[in-house]
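You will see two complexes here that share chain A, one where it goes with chain B and one where it goes with chain C.
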Partner chain A sequence: MKATSFIVQFLYSPLGGGGQNIDSYTHVRGESVYLDDIPVVNGTLYAAAFDSPVAHGKIVSLDTNEAIMMPGVVSILTANDIPGENQIGGIIPDEELLAGTHVHFCGMPIALVIAETDEAARAAVKKIKVVIEPLPVITDPREAKEKGELIIPPRTFQLGDTTTAWSQCEHIFEGRADTNGQEHLYIETQGAYAVPQENGAIRIYSSTQGPTAVQRTAARVLGVSMNQIEVDTTRLGGGFGGKEDQATTWGVMVALAAYHLKKPVKYCLHRMEDMRMTGKRHPYSSDFKIGLSNDLKIIAYEATFYQNAGAAADLSPAVMERTLFHCTNSYFVPHVKATAYSCRTNLPPNTAFRGFGGPQGMFVIEAAIAKAAEQLGIPATDIQQKNFITDR
Partner chain B sequence: MPICFGISFTKTLLNQARSLVHVYTDGSIGISTGAVEMGQGVNTKMLQVAANIFSISPASIKVNTTNTYRIANTSPTAASATADLNGKATQIACMAILQRLKQVAADELKMPVDDIQIKDEFVYANGKKTDWDWKKLVMAAYIKRISLSEHGHYTPPGIHYDAAKEKGHPFAYHVYGTAIITVTIDCLRGIYETDSVKVVHDFGSSMNTMIDRGQCEGGIVQGIGWMTMEEIVYDKEGKLRSNALSTYKIPDIYSVPEEITIHPLETIKDNLAIFRSKAVGEPPLMYGIGAYFALRNAVKAFNPVAEIPYDAPMTPEKVLMSLYSHS
Partner chain C sequence: MIRFILNEKTIATELPPGMVLLDFIRYHQHLTGTKIGCREGDCGACTILVGELSNDELSYHSATSCLMPIGNAMGKHIVTVEGINFPDTLNPVQQAMADCGATQCGFCTPGFVMSLAGFCLSNAKATKENAIAAIDGNICRCTGYKSIEKAAVMITEQLQGKKDAIPFVTEQKILPAYFAGIKGRLQQLGGQIKASALKDVAALQERPHFVGGGTDLYVQKHEEMKDAAIRFLLDHPEMNSISKEGNRCVMGPSVTVSDLMASPIIATAFPEFHHYAKLVSSTQIRNMATIAGNFINASPIGDFTIFFLALDAQLILSDGATTRELPLRKLYKGYKILDKQSGEHIEKIWFELPDKNTFFHFEKVSKRTHLDIASVNSAIRLKMNGDVIADAGLSAGGVGPVPMYLEKTSSFLKGKKITEQVIAEAIEVMKTEISPISDARGTKEYKTLLLGQLIKAHFIGLSAKAVFKTPVH
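This part shows the complex of A and B:
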């Protein structure tokens, strides 16, 4: 292994450094095509979602009478208008496209307004009235776990045997470590544009990291076969995981509208709609216990992770799994026991975000090492350096 | 802040990709893959793969949109693995076409195919340049009714995981590195600056140093943002309070580190990355975790008895409270 500067590597790389990004020119000149730059077909309609103002409750009534009379409004779709399954869950089928009888988080879409213009659609959304009988709201993952609100059964990764290992430890420290969520804040917000084709087929332009997920889910919701749905993606103005699973919602919504109205339908979310209605990086609350020998070798490590999954599974089980895979970061620890709970709360379903649960797991062992170092009055690097994984 | 990040989808079945490569009769090339360009430069890397294998100018190659009619059953562009999976599928497709073109050249020149090489848009026979250029070769293949298209399929070998036993070999390889992060706190106001981030990062052998450096820098800043200033607030009723850019602060040009130094670590070991150029999307984000612990150390330097919960992000408010907290 050798460390070289970038300049040296640039000169000696077999591919000559690779050159600049092929999109550089069009990016700088503002000519790169994002979803909102696709020229719209004549007769294109615009959609906007009406979302739940409360985090948990039973829908008592939905009044769209005033909204449908607004100028330019063409149609308002609800769960009743879904020809196939009202289901967009990827890993576990536990998430509706449009709320049927209950809402599970603030920002959960309930109805979709389609109008002749973007402005008309959003003006009509404001005229929709909903009465929701509130149910208890959980926002804290530990509380959710106590109440048995788990997305999947807990999982435990083990190496060695921590129960007997503690007796070999000179120093043992315990604590709690929390990390908050993170908004993806891709510069291009979520959005999609559906254009009907002949014989009932639909082409969806989608700002998605997962074109196949959009295709599969649109087919399921519309009750058509996958070969009827074409998804096309030129590029995204950032994704960071936020458009891996959650771009599907908007792609399927415009497809649903196009299916019913036989017209092209487009929906690009405004920033505040996007922030309110989409999930983020998972907040975690965790407990740790770390045991060290006299010469600062980590003998044993236990961690319990409470993942705040939000109201539906989304990608949470997979994110939780990666937390467990990375719970010892760069260190070799002979005795490890890590357990993770994916906790259902009444927040927008949290989702993939660069690192995918790994960073949350790594933060906890770094906190454990920091705590040990602070208590022992030594720099954390003394412990880190003694415990790195090494080549065998 | 050391990192060790596994590359592959942990759901093993997602580790598959396909690429469709067409060579047109004028010698230009179109590539479609399952990779989605999202600013990370994956299309540039796909183009590099084809340019490298055919040994033709990148100007003759176009990377097309990601489309489910052209490439079916794609895995999402995620898990840092997209350039690897789709790059290898593209490599497989290009190699198949190249082999057919070499055979055409061998037949025309009446040479064994093993003596044929294509280099810088010309056919070389036994290392000697011939008058057969790329376009002439492609046209000759078309006239002979040889397929100029190929659909490549790739799955990385050797990965598996048994969720019942919670044991297996889930990752194709790992990416390593470490960062030293220096911060300065204003002990009156609790505000802070990141003075420098110094990183040694394992790129394997980077196929595009400019793009990979960009991914590193962006990841580091995004990680620092998560650990320091980005604070999501939901109230007890589950309503998002940090619901706009005015209430949710991400790093801007004034809050990025004064200095980011990235030393590439060239690892010689063979790996499953495309051209041994390791995945770079996610791993650098985790260097940002070091910013949290740097801030903590700075507070402790000012106030050794500070009681600071391990609770990120370490916002200026939390720093200020910690600076004057008592145990």
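This part shows the complex of A and C:
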């Protein structure tokens, strides 16, 4: 059937709006237009980022002489070429687009090569040399907390009073539970394409979950008003949170290049670049203490979450809040005290990922229940069922 | 000049033969339905179909276009998603994907559609299992796969009664009518290529890079290979044969894993071959990857190298003028160092087919069961004389710098009766001839323990095949 009749049939079908994807018709025919499918304008240039090979350090020197002489290379931009503010932090202004004096994670962009072809840009990236004086590296959130490296002050959520509740508990168990990071692996990698418009305006095609963040941040970095920046998001080949804040980097980079060169500039990351330079799901390390009555009711629960935020805030404070909101999962616990620390480490800034901190909170109470069940020699489901939130 | 058919269109291009088909399709033909996900053959978003003539029969298989140089498309029919679209309607594969909610963000979707179209074009029986097996090389991050499985099942219903695939899919309007004319067009194209290829014989000698399926080479070196001077091994039909000569099986150098899976000679000799092969990569990669390439790649955990080491396979190496024979186990001199001159290539591979007293078993352990590199793999061949081992061949991967033929352990087993004691002693002998290292796939202690367990698993597996009078536990 024709595309239009397909959509009409879909809208009036019993399933319409319920389960079927309105975009199916073009998806299954390979006709949906993702970022790298947008026909490029004549004269389009291609960008590639040079990123830090070390996790923390002071930039002593950056040598782009050999790279700029490579065939096809048009320009190499660094922090010095930013006309506005070198700042892409969404909630907290603590993240540079291109490293100025220091690098804070392995994979932090330092320079941007712009060339006539994609291959030329990547070949030139390999010729850039940087000398970095190494500084101490922290990867463990507990160590970051000890050293006072916090993104925001700690937060505590409370219900009832755990200090007096422990005396009412027949069984008390304590332990530690850690969850690791996770790569989003959207099948379409990050990417953006900036096309100069009349009167100095720039249109950015961006594979982003947050077009406004791209617009606002591009305006800030370029030092122009927001109405000079137009953002168009055709489609995303998966995001899962990984393109909520972290798509901004690439959108702003190509805008910076287009601003200087007055030419369309495109950058689609290779998988390896994407995996190296972008943040993931937050790893957490957590302590728990759970108290149960004889009939397996959870009376009290305390948890301390050490969130591994990576090198900058990104969305970590909001993710941390979600961990606290979900820390008792689907159970009613009358006495709860949960504290969370958002810890700054030298990993790529961790970011939104399906569940947005919730799973990390839920995992810890499930670990506590599992431990209690194991120690009591009963199935965990016995404890889970006794404690579900009910309508009553 | 590289000539092939892309969808309905005849292509003749002077672009570098080492360029990957994915870039040719997307950036030179502007067909953007074929997506880039990983450029490593893992995600399947760039899946295309390759139609080729063999013994004048046209058959299709799926392949990942990110690892396929355009030189390997020579004389073939390459099909992208655009080539299976009807002007104004969805084909039944596409309709099933849409109806089952099997597409969400849509980015992986063309790859799934192509793998399923490949299933429609294949001679595999239209079963649910085969339909799902056809998409084993496609990753979807949105759906959780259940809806895609439903679509696959829905498609099998439309394939009931399929005998001769190509007339069936065109008559049933599963795929466009132009597919019916491809065979004739490829025959004609083959003639043109032959006529022009003759002139290139001398020039061939000056090309130092041999490329088979390219499935590892193009993962490691895709930028370098683009402009390399390449000799392609896949476009010679005589290099693709599997034959039986007396008690020997003789294979050409471009035999792929899928060719082995389809061979009746292999199926008779190794009844569990399908099970072993499914532990190795995915359908698309098995369709491209050659056995000779696996040998020459010299990965210490190459699955089929381990398989053929236990069989004591022999290689015929040729430099174009002279040939020599070399046992596979003598090929490896050190990590990625081979007893092979740069101008030599594998012309033939042969091994003795197991007789009724010879038993074979293969084991592989990896972090994921499928689509993964082995932590440790191992194969065993035992020729029994009553309850005594007359001859043994044991190989192991992941326990040294090269894929290993365990010479000492193999000769230890010779002449022994199979008892728990003998197996335990064999494991001790094995420990004296391996040198595993600790890496991402496990510590050396773990790998040593694992190989010991795999040796026990071999004997348990063989006892299930009734090799022994008393079962080993």
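Simple rule for what comes next: the second predicted complex is superposed on the first by the 372 of 392 C-alpha atoms of A that agree within 3 Å, B and C clash if a C-alpha of one lies under 4 Å from a C-alpha of the other, contacts with A are read in each partner's own complex, and residues count from 1 in each chain.
By definition in this document, a contact is a pair of C-beta atoms (placed from the backbone, for glycine too) under 8 Å apart; a residue touches a chain by one contact, two chains touch by 3 or more.
All figures in this text were calculated on a predicted structure; none of them were measured in a lab.
In the superposed model, A:H260 makes contact with neither chain B nor chain C. Of the two partner chains placed around the shared chain by superposition, chain B is the only one that A:T234 touches, whereas chain C remains out of contact.
Shared-chain residue A:E119: touches chain C; no touch with chain B. Of the two partner chains placed around the shared chain by superposition, chain C is the only one that A:H270 touches, whereas chain B remains out of contact. In the superposition on chain A, A:D23 contacts both chain B and chain C.
By the document's definition of touching, of the two partners only chain C reaches A:P39; chain B does not. Within the superposed three-chain model, A:E31 lies in touch with chain C and out of touch with chain B [touch as defined at top]. Of the two partner chains placed around the shared chain by superposition, chain B is the only one that A:A352 touches, whereas chain C remains out of contact. The wider contact with chain A, measured as residues touched, comes from B rather than the other of chain B and chain C. Of the two partner chains placed around the shared chain by superposition, chain B is the only one that A:G107 touches, whereas chain C remains out of contact.
Comparing the two complexes, residues 1-2, 6, 19-21, 23, 185-186, 235-240, 271 of chain A contact chain B in one case and chain C in the other. Residues of chain A that touch chain B in their complex: 1-6, 9-10, 13-15, 17-23, 54-56, 105-107, 137, 139, 155-158, 175-183, 185-186, 208-213, 215, 226, 229-241, 243-245, 271-272, 275-276, 280-281, 283, 318, 321-322, 325-326, 329-330, 345-348, 352, 354-356, 358-359, 362-363, 366-367, 370-371, 374, 380, 384, 388-389.
Within the complex, the chain B residues that touch chain A are 1-6, 10-11, 34, 36-39, 41, 43-45, 47-48, 52, 58, 63, 65-69, 72-79, 166, 170-171, 176, 178, 200, 205-211, 213, 219, 222-223, 225-226, 230-232, 234, 236-240, 242-245, 248, 250, 262-268, 275, 281-282, 285-286, 289, 292-293, 296, 300, 309-313.
The touching residues of chain C, when paired with chain A in their complex, are 26, 30, 32-40, 43, 45, 80-82, 85, 88-90, 93-95, 97-99, 101, 103-110, 113, 139-142, 223. Residues 1-2, 6, 19-21, 23-34, 36-37, 39, 119, 122-123, 184-189, 235-240, 268, 270-271 of chain A touch chain C in their complex.
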